[in-house]
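Letters A, B, C and D name the chains as they come in the text, with residue numbers starting at 1 for each one.
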Amino acid sequence: MNNIGNNIKITFFGESHGEYLGIVIDQLPAGLKIDTELLDFNLTKRRPKKNISTPRIEKDNYKIVSGFHNGYTTGGALTFLVPNENVQSKSYQSTENIPRPSHADYPASIKYKNFNVKSGGGFFSGRLTVLWTIIGSISQQILEKKNIFIGSHINSIKNIYDNNFELNNISSDVCKSLNEDIFPVLNKKIKTEMLNLIKETKNDSLGGTIESAIVNLPIGIGEPLFLSVESYLSQLLFSVPAIKGIEFGKGFEITKMYGSNANDEYTIKENNITTLSNNNGGLLGGLSTGRPVVLRCAIKPTPSIAKKQHSVNLQTKENTELVVNGRHDPQIVSRIVHVINSVLNFAILDLLLFENKDWV
Amino acid sequence: MNNIGNNIKITFFGESHGEYLGIVIDQLPAGLKIDTELLDFNLTKRRPKKNISTPRIEKDNYKIVSGFHNGYTTGGALTFLVPNENVQSKSYQSTENIPRPSHADYPASIKYKNFNVKSGGGFFSGRLTVLWTIIGSISQQILEKKNIFIGSHINSIKNIYDNNFELNNISSDVCKSLNEDIFPVLNKKIKTEMLNLIKETKNDSLGGTIESAIVNLPIGIGEPLFLSVESYLSQLLFSVPAIKGIEFGKGFEITKMYGSNANDEYTIKENNITTLSNNNGGLLGGLSTGRPVVLRCAIKPTPSIAKKQHSVNLQTKENTELVVNGRHDPQIVSRIVHVINSVLNFAILDLLLFENKDWV
Amino acid sequence: MNNIGNNIKITFFGESHGEYLGIVIDQLPAGLKIDTELLDFNLTKRRPKKNISTPRIEKDNYKIVSGFHNGYTTGGALTFLVPNENVQSKSYQSTENIPRPSHADYPASIKYKNFNVKSGGGFFSGRLTVLWTIIGSISQQILEKKNIFIGSHINSIKNIYDNNFELNNISSDVCKSLNEDIFPVLNKKIKTEMLNLIKETKNDSLGGTIESAIVNLPIGIGEPLFLSVESYLSQLLFSVPAIKGIEFGKGFEITKMYGSNANDEYTIKENNITTLSNNNGGLLGGLSTGRPVVLRCAIKPTPSIAKKQHSVNLQTKENTELVVNGRHDPQIVSRIVHVINSVLNFAILDLLLFENKDWV
Amino acid sequence: MNNIGNNIKITFFGESHGEYLGIVIDQLPAGLKIDTELLDFNLTKRRPKKNISTPRIEKDNYKIVSGFHNGYTTGGALTFLVPNENVQSKSYQSTENIPRPSHADYPASIKYKNFNVKSGGGFFSGRLTVLWTIIGSISQQILEKKNIFIGSHINSIKNIYDNNFELNNISSDVCKSLNEDIFPVLNKKIKTEMLNLIKETKNDSLGGTIESAIVNLPIGIGEPLFLSVESYLSQLLFSVPAIKGIEFGKGFEITKMYGSNANDEYTIKENNITTLSNNNGGLLGGLSTGRPVVLRCAIKPTPSIAKKQHSVNLQTKENTELVVNGRHDPQIVSRIVHVINSVLNFAILDLLLFENKDWV
């Protein structure tokens, strides 16, 4: 399902190795000046980096083919096309009938009766997350004018853990500073350890966790039941390949606490209502509480590895071995961290528009 | 947002202490014989049990006021009304302006400018999950005819852990057997420990985790991007109050593995393609792989506890203390486990109908 | 499909002879005081009148079972139940297998494999339009506070024609005055003629046309393409049984004009931009132009007539004759006129909310 | 609103003078061989013809950038880009602030605060109907394999009327034959008269009506209430600029008949149930009856005419006169007739898929 959105409607299209990927954005206001500097910066951050991830260089030379004139939105559907460049489909071809473990190859070939394009993952490729960067950046520029800031850090790479956010005390400055960083972590020492592990990891791959915060969100955002903040965020986040889990606030840890410890009691502080803790991660009843919204995502190790793996030939139904050629990210946590920010920016803006349509 | 569904459309309504809760179900086929025995059994399992949860006795005397005739669906919108009985709103009234910690009270009173009914949680009450039982039971009877089985067990209460599902080897019999049990666990010894802890927990509350399996799901169910199996399941599950996290397969644990260990390699077994492991929990690229789908949900401790807690008076903006009267569940894990089954049954049926409209 | 709405979501349910019909309304603001006087007046107008239409007396004793407290909306899904009273299913039963000409009976029995309830039309009954009156009245009270007025008159009964609206000059006072009238026409002399024809028409039935105006609608309401004002209005209006055509402005007449006569040229009048004519009925490019929106609906003669008609027995596949017993309206134009107002009020409010969420 | 569709989801984007128009089509099956010959023929028919309509020559050199591989759909979102060529925006520029009568210019400039592109109508241009041809052709090839045929003829140009369809007796051959014709009429003599009138009409423009038939549609297609066949067809048809009215069956004429004449009585013919008349145009209760579905659309005269017209300067708020330069169609009925076929093909296919997902 490639359409989503309540107050802003977005449509994704494209495949890893087609001519264009694209996104159609409907219901943005006319006269919005798109901050292309922010967009370009976010596209850069998402791009693979030498030594950290895959050597594939993508330029993301998007063009806007509708809904845009002289730097401003026209009110019509806003459409970005992103050309696919540097396509090396040859390196994928030999393995057409041999599904790569932990990729979509096998279930997709069944679902689509083998008509789906397998090279590069087709429309299951992580390449499509560039579309999240586009809508995420536009959303970010609108939210930041409303003083709402979203930031994420790499919480862990394999078993190397960064510090956690202090749940009940996250400033917008922390978010802004994380947004400046291509490999955002809270503890700089840990960053070096992580980078070293990544460098050492040859022919294999690493996963990790990402922790995100949404700061200064007004109280009461989210719609009861099927559009709770958790519902919508997780629906959208699980569109990002490789995410295997999501937790809010203390998440799975809260299950080990007594209610009397887990509950976030209220108190008055400088004439404002606040909480003594924020174990619920800024969300109650699916609504924002005014405290920082905090969530964590689990990113599985990149499935493409250079090591030889067991697989099967789908045509002959025989066991075989597979070496996945092509370009591989030893880890994609440091790229997905930026995608998650984009998803969150869009989701929060879309929910906020239920309250009013002031775009600032 | 109280409407959801792609091929079957459902609408929830009701509040904890209104005359009726209800669900409207559209796009079911005409001529479906509703298995009221299964429905009644599932309603019974969800109901609070003496000593395990709250003493409130609910009869769930639903009536069907449209879309139903002589035991069969007519093809029109199918509507169930569930009367609220045994309402004791008095016990809630004194605390109208004092939000209960970790309930929706505070953000809801801001969002709804104090017009929302607070007693019993209003439309944020867990009482609405009875509607999930209704649509879940109808979905279950259809799925089971297609040989698809869904079962869940209480994976932990606080720090007492049940065995885990063996990810790569879960039978439909295990699911069926769990479905017979009001307090379903895999390891019977652990059950006693859990029940003892619950009995001992006075004036406080406990959380836990729930592990679920979907067995015999055909390959290729789920729609790319925004309706991946993970997206849809988590969107719907997070409509259930108290869920704070969801993970699939190995979930957060997979982030600590190398790709070469995490990957589920393919092999031929008795002429069928299968996998050597199932760390991805039966889902790749958002699609079902044919292996068991496995997920885990984190349930926070019931926020209503008898202990005195800090809170504030929203009118006077002064600190105060609060003792939550009324009936409380020391834990709701053993009730939510059945609700989760219902959510999963509906979600999977709705996704399955993208493939074809054979209702069996 | 019983769900509709963009900014306000409504869900209809019920059948002609079930216990309740109902409507669930989501996304209304909390704290809205429902004008029950207006609602009751509108319900009265829709009700059959002695000598004009069917003798069936319906009390429309609705009750609100969720989303409502002490006269105000709570912010939760607002649910009205309308009990069906005075049900005489016996008079329908003998014709179970003999479809009534020009009713939904035959295609419905095929679509729903005979499981649909036929007596009274089941869920195809015009009885469901009472739900339009409910949401229409709530919408009307909101629109009128914004100074937007909607009014309709019976433009014709059979070949007796009322005057037409003056397309380019319709006041809100005309709308208000039409809204006061149970049998609204512009020309009072014509009204007598119409009523006489209705009285004279025994054992047969009459159709007619209805002309509606929307006054003071701001410029630019409507969304391009699939939610143009015409698209949305006609989608909703065609949910009302018996409507066979819709036209805007000059409608089918405009096809006989030259462009130079049909075009609505602009002029300045008292410093405001206005048009010299309004042949387009206040709509261009699917958007409101600020001129009165005018439309006309064709209502077919009531299909239930006392005359003997040809039909077939669906079981024996033999020709037969049918006399439709039960209560019949000699015409339903004078009831549908009020339903159309309700549909228009809801549709316009829902479209208006794309611009902003000021509810007044 | 540029997204629509229930079982197939389509998204339109583009503006008259941008680089590309495009359509994204989701939920088509994988492995569908697109009949590009049919598509190209339909694109040709929609294209302006010398002497009949505007001299602008459009090549419609679409390209497919996703969801397509080696002639077959892949199962991913299918995206067509249609380049805009032969753009002459200069001829429009001088009138930037002077709205063209009966175009969207004025309401659009208010709605979009003047940020919308006016030249060529921007995203309100009839140019976007080329996207209907694309999805309509794909739908047509699927429907025709199911033996369902849709055909339309020019029912009138100004006051020159073609014969009407015989409501109760329309063959698929008639539809096929109309589909072969660029200027389809039933009565060839009338065609000459129409073409002569068009040739004679200089500096002015003509409207007309279009009559369409859907043949061999199974009984029971359509969903009650908001997705009745009439609701969906009219919602989609009113997305086509210049349509001002829609009627089904006898349409507005039926309002002048007695019920006893209007009703379509049933009879057995060659062992099949059929009707003695088809005044309801193959639709009852919003469902197809198995008889031909017949509808008529009113097309207003092309608003762009070479004659001098009254208008206003939006900036100076002064009266002025306007001569619309650029290329103009003296009539667009003969182009819209093909667009209507496309809309109907898509709408019917989308509705049909509610019944089952057999794509043939």
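Basically, contacts are C-beta pairs under 8 Å (C-beta built on N, C-alpha and C of every residue); 3 or more make two chains touch, one makes a residue touch a chain.
Note that the structure is predicted; figures quoted are calculated from it, not measured.
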From chain D, the most remote chain by mean C-alpha position: B
B-C compared against B-D, more contacting pairs: B-C
Inter-chain centre distance, chain A versus chain B - centres from mean C-alpha coordinates, in Å: 26
Computed distance of Cα centres, chain C from chain B, in Å: 40
CA centroid of chain B to CA centroid of chain D, Å: 46
Of all residues in chain C, the ones touching two or more other chains: 1-3, 12, 27, 76, 108, 111-112, 123, 223-224
Of chain A, residues touching chain C in the complex: 27, 76, 223-224, 354-357
Of chain C, residues touching chain B in the complex: 1-3, 9, 11-15, 18-22, 24, 26-27, 30-31, 63, 65-67, 69, 72-77, 79, 81, 108, 111-113, 115-117, 122-123
Interface residues, chain A side, partner chain B - complex: 1-4, 6, 12, 99, 101-108, 110-112, 121, 123-124, 128, 156, 158-159, 201, 204-209, 219-220, 223-228, 230-232, 234-236, 238-239, 241, 243-252, 254-260, 262-268, 271, 273, 275-276, 279-281, 284-290, 298-305, 307, 309-312, 314, 317-319
